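Could you have a look at this structure, given as structure tokens, before my questions?
Here the chain labels run A, B and C in written order, and each chain numbers its own residues starting at 1.
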Amino acid sequence: MPVLLTLDQAPKLHQLLAQANNAGLDCQLVDNELPEPHIQGVGSLTSAGPAEISFLSNPKLQDQLLTCSAAAVIMTPQAHASLVGTQIGFHVVLCSQPYLMYALLAQWFDQHRLQALPTGIHPTAYIHPSAVLEDGVSVGPFCVVEADVRIGKGTRLGPSCIIGAGSQLGRDGLLHARVTLYHRVTIGDRVILHTGCVLGADGFGFAPDPRQTAGAWAKIAQLGGVLIGDDVEIGANTTVDRGALGDTVLSNGVKLDNQIMVGHNVQIGEHSAAAACVGIAGSTVIGKRCTLGGAAMLSGHLELCDDVHVSGGTAITASIRKPGRYTGVYPFAEHIQWQRNAAVLSQMAQLRRRLRTIEKNETSD
Amino acid sequence: MPVLLTLDQAPKLHQLLAQANNAGLDCQLVDNELPEPHIQGVGSLTSAGPAEISFLSNPKLQDQLLTCSAAAVIMTPQAHASLVGTQIGFHVVLCSQPYLMYALLAQWFDQHRLQALPTGIHPTAYIHPSAVLEDGVSVGPFCVVEADVRIGKGTRLGPSCIIGAGSQLGRDGLLHARVTLYHRVTIGDRVILHTGCVLGADGFGFAPDPRQTAGAWAKIAQLGGVLIGDDVEIGANTTVDRGALGDTVLSNGVKLDNQIMVGHNVQIGEHSAAAACVGIAGSTVIGKRCTLGGAAMLSGHLELCDDVHVSGGTAITASIRKPGRYTGVYPFAEHIQWQRNAAVLSQMAQLRRRLRTIEKNETSD
Amino acid sequence: MPVLLTLDQAPKLHQLLAQANNAGLDCQLVDNELPEPHIQGVGSLTSAGPAEISFLSNPKLQDQLLTCSAAAVIMTPQAHASLVGTQIGFHVVLCSQPYLMYALLAQWFDQHRLQALPTGIHPTAYIHPSAVLEDGVSVGPFCVVEADVRIGKGTRLGPSCIIGAGSQLGRDGLLHARVTLYHRVTIGDRVILHTGCVLGADGFGFAPDPRQTAGAWAKIAQLGGVLIGDDVEIGANTTVDRGALGDTVLSNGVKLDNQIMVGHNVQIGEHSAAAACVGIAGSTVIGKRCTLGGAAMLSGHLELCDDVHVSGGTAITASIRKPGRYTGVYPFAEHIQWQRNAAVLSQMAQLRRRLRTIEKNETSD
């Protein structure tokens, strides 16, 4: 595990707990006779060393506590109760939500790295004179900020970002290297965009144009934009196309992993999240708090209501109006077994007919 | 909907129809007593305001005409006939192909934005002395144009494009930001390439090399190129690999959406189109006027004849020699129902055997 | 086929065989009375001309020898034996592994191009003063090399590469244009990285944070790194996320095609290879010498033992502990036939029940 801070920089355990952004969390250090450690980083139960804090969020991993070398472990009061009589060599931090507490501590440690990032406008960046950069905006080498762009206070652009004409970025955003926004893309506050993501490319729209030759296509210019809410995170090499006439919309708190494709005019509701390699075809509307497993694919012009959970690898080809989990994955098997079973798949309708015939015969017997 | 032009710039309705590239289209303004509006943009039937033009191409949306606030609506003579006696507050433009007419009008409005893009060679671009740029070529900031490149008249490169040594681009092309061509990629006229697309990376070719260790691979250097026809459009973050020995070929009029992978030595016929997230493995040959739905996957070394339409999410694992639509998607269901049904899938062959046994018994009864 | 060398540069056939890196291969030129040709390039059996060498590795293509115009053809002694009495117009190179021999010759020809690539540090590159570049490192235009980076001897960076703070690259690597490494990514020797690949972006980790609103997520900062072994090749637009606490690991000799997603904490064993569009979810561990077909998808937290081969388009949702080939692809069909059969899929459990009922009745008869 990486040691994140030198011993000099590392806070004492109680200082760490006090400094992390854990407002609203019940978070309490259990008294014991161990000396109070300095905490240099975070580790898993099996990897954390004596200068690191760890956490137990999955009850199945409770046995790992027995050999854990961490300086301290975050756990629920229930988990702690079940340790009665067990000899442990670490401090215990009680918290009803250890996984959230771990997230907040990891954020705290990462802030040290983030605060050391270069600031200011790099001299090689090209910024159009009409662009407005609020206070504390950082722009990395070889960035291009086009005409009429506005970038909110404290937002940081890594190297080689391109912000298209008329785009608007909110405050305290973090654009990693090589993020590209086409023209007229609007982004809220505290948004994180990863390398290679592309917001606002043309949606895929063509009209058959028989005036040319059979099969030829006329491009439908995409006149809409992209609208991204606050606290959105978008992964590496993900693409969100601009709308044909209206906007493509990602609401507040949406989280998209890498290599995702969001088609034109799609709308995604608040706090919905999609794992990597998901594809969402044009004009589909997704409700709030939905989750899409990796490589799930949604056809166009569908509606998913709030609280729908799609399993990885599932193709959704019709609207879903009832919350719940939906799945459609072909179960894998050893190849030869798959071959035998798959061969029957092309005879399913016939098979059912044969079954019906037998049933009728039985009844008529 | 975005207002695209100020009132000053906006043409009167009949001027707009005269200026758009609608040669060959039957396009006729129906006389009425409404004042003639200036048209500032295009909108959908539900969103267009009194300075916008809209269109009715899907008969199912006809009811939206009743509440439509657009200045004018393009529709077929049939649709218009069915409006007899209905009170409407917009001008009617008769056209046998309203969707194509909409495409052409959207192009016309977008031309205003495109014409305002920066022109000329940006001083930060690096252009090798041996490169030849014809008249009217624009090159954005931080572009790299390597040795022996030729770029045709009027072609525009957005910021940070990279054109590899010996590549050739035709006329009137539009490369958005961060397009990358490896060496020796050849591209026709009027081609549109979106951000992050990569043409000419090495195909995935390795020979088992037992001289090293068991399982080791020797790279097969990819000596071919990429050949792209006229009027091709390629979406954001799509990759088209170079051929192993010959070229990977995209014929005239091919349209590829975002995040598509085209393997080495693939050939795609004229006017074929692929939606996002499609993968086409090496050496597969696709005919003319084919369409591949989103996330369709084609195995390598296949042949698809002309006019094949593959549904989204379908894996094509054998050649197709008959035009038509092909599908292979596992139907999704509520998770618990899927679990019950999927469990039977691994017993299909057995199930069929049991059915046969019963049928035999019946016959022998 | 491209002619790779001018006649002046082209070696005689025996010189070519002597110069290629074929140590350890049995490679023998069969005597004949044809004049010895200069070899300018490599071609397939059907495309190679009289200045090119070709190879026969697939016995099914043996008939192509009859009309082959190549200067020379590499083939096995067995294939040669079966030619007895056939009139051929090319030199024969005997080798027990013609495909490997072809790979080595293609490498030899490509070296000429690679050696002509620009060298040195391009004046537009931005290199942090604390970065250490060993001898013979090349850095292309608009590259960014951040603080505390180390780049090993002979490694070449194409245009617009970004090497994040603290990253380490080994020797003799080749980074094509626009490769991005986040901070603290470690890479071995002789690694090839293609355009648009992104190593070290944040893994997709969020903890539910009810302190905000229902459904809201707290980011789990990703504190681990990425560790890439020797002789790894990674394709265009592929992403490998950094670990949450530990590292994401690609072992020696791993080959990844384009558009692949490797989630955080994944480990891939030596010489395993994945074709394009594969997705591997977080914390999955893949053994040695595995192959993943195109668009295969692996769920998170799985283990695949050594020598597992996953067919293209297959979703792996459980660990695999036995070497072999595994498949789970829905067989495609004409759309109408698929519709009929797929409809039955949602009644599988019911169908089995009906069959059981009949079987019971039969028994009780």
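Here is the rule we use: a contact is a pair of C-beta atoms (placed from the backbone, for glycine too) under 8 Å apart; a residue touches a chain by one contact, two chains touch by 3 or more.
Everything quoted here is computed from the prediction, not taken from an experiment.
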Check: Out of curiosity, which chains are bumping into both chain B and chain C?
Finding: A
Check: Roughly how big is the turn, in degrees to the nearest 5, that lines up chain A with chain B by CA atoms?
Finding: 120
Note to self: Given that chain A and chain C are copies and touch, would you call their interface same or different according to whether over half of its residue numbers are shared?
What the structure shows: different
Note to self: Report the inter-centroid distance (CA atoms only) between chain A and chain C in whole Å.
What the structure shows: 26
Check: Which residues of chain A are in contact with two or more other chains?
Finding: 124, 142, 160, 178, 196, 237, 259, 277, 329-331, 333, 342, 345, 347, 351, 355, 358
Margin query: Which stretch or stretches of chain B touch chain A in the complex?
Written below: 1-2, 4, 23-25, 41-44, 47, 97, 99-100, 102-104, 106-107, 109-110, 113, 122, 124, 140-142, 158-160, 176-178, 192, 194-196, 231, 233, 235-237, 253, 255, 257-259, 270-271, 273, 275-277, 288-289, 294-295, 312-313, 329-335, 338-339, 342, 345-349, 351-352, 355, 358-359, 362
Check: So in the complex, which bits of chain C are touching chain A?
Finding: 124, 126, 142, 144, 160, 162, 164, 178, 180, 182-184, 196, 198, 201-202, 204-209, 211-225, 237, 239, 241, 244-246, 259, 261, 263, 277, 279, 281, 297, 299, 310-311, 314-317, 324-331, 333, 337, 340-345, 347, 351, 354-355, 358, 361
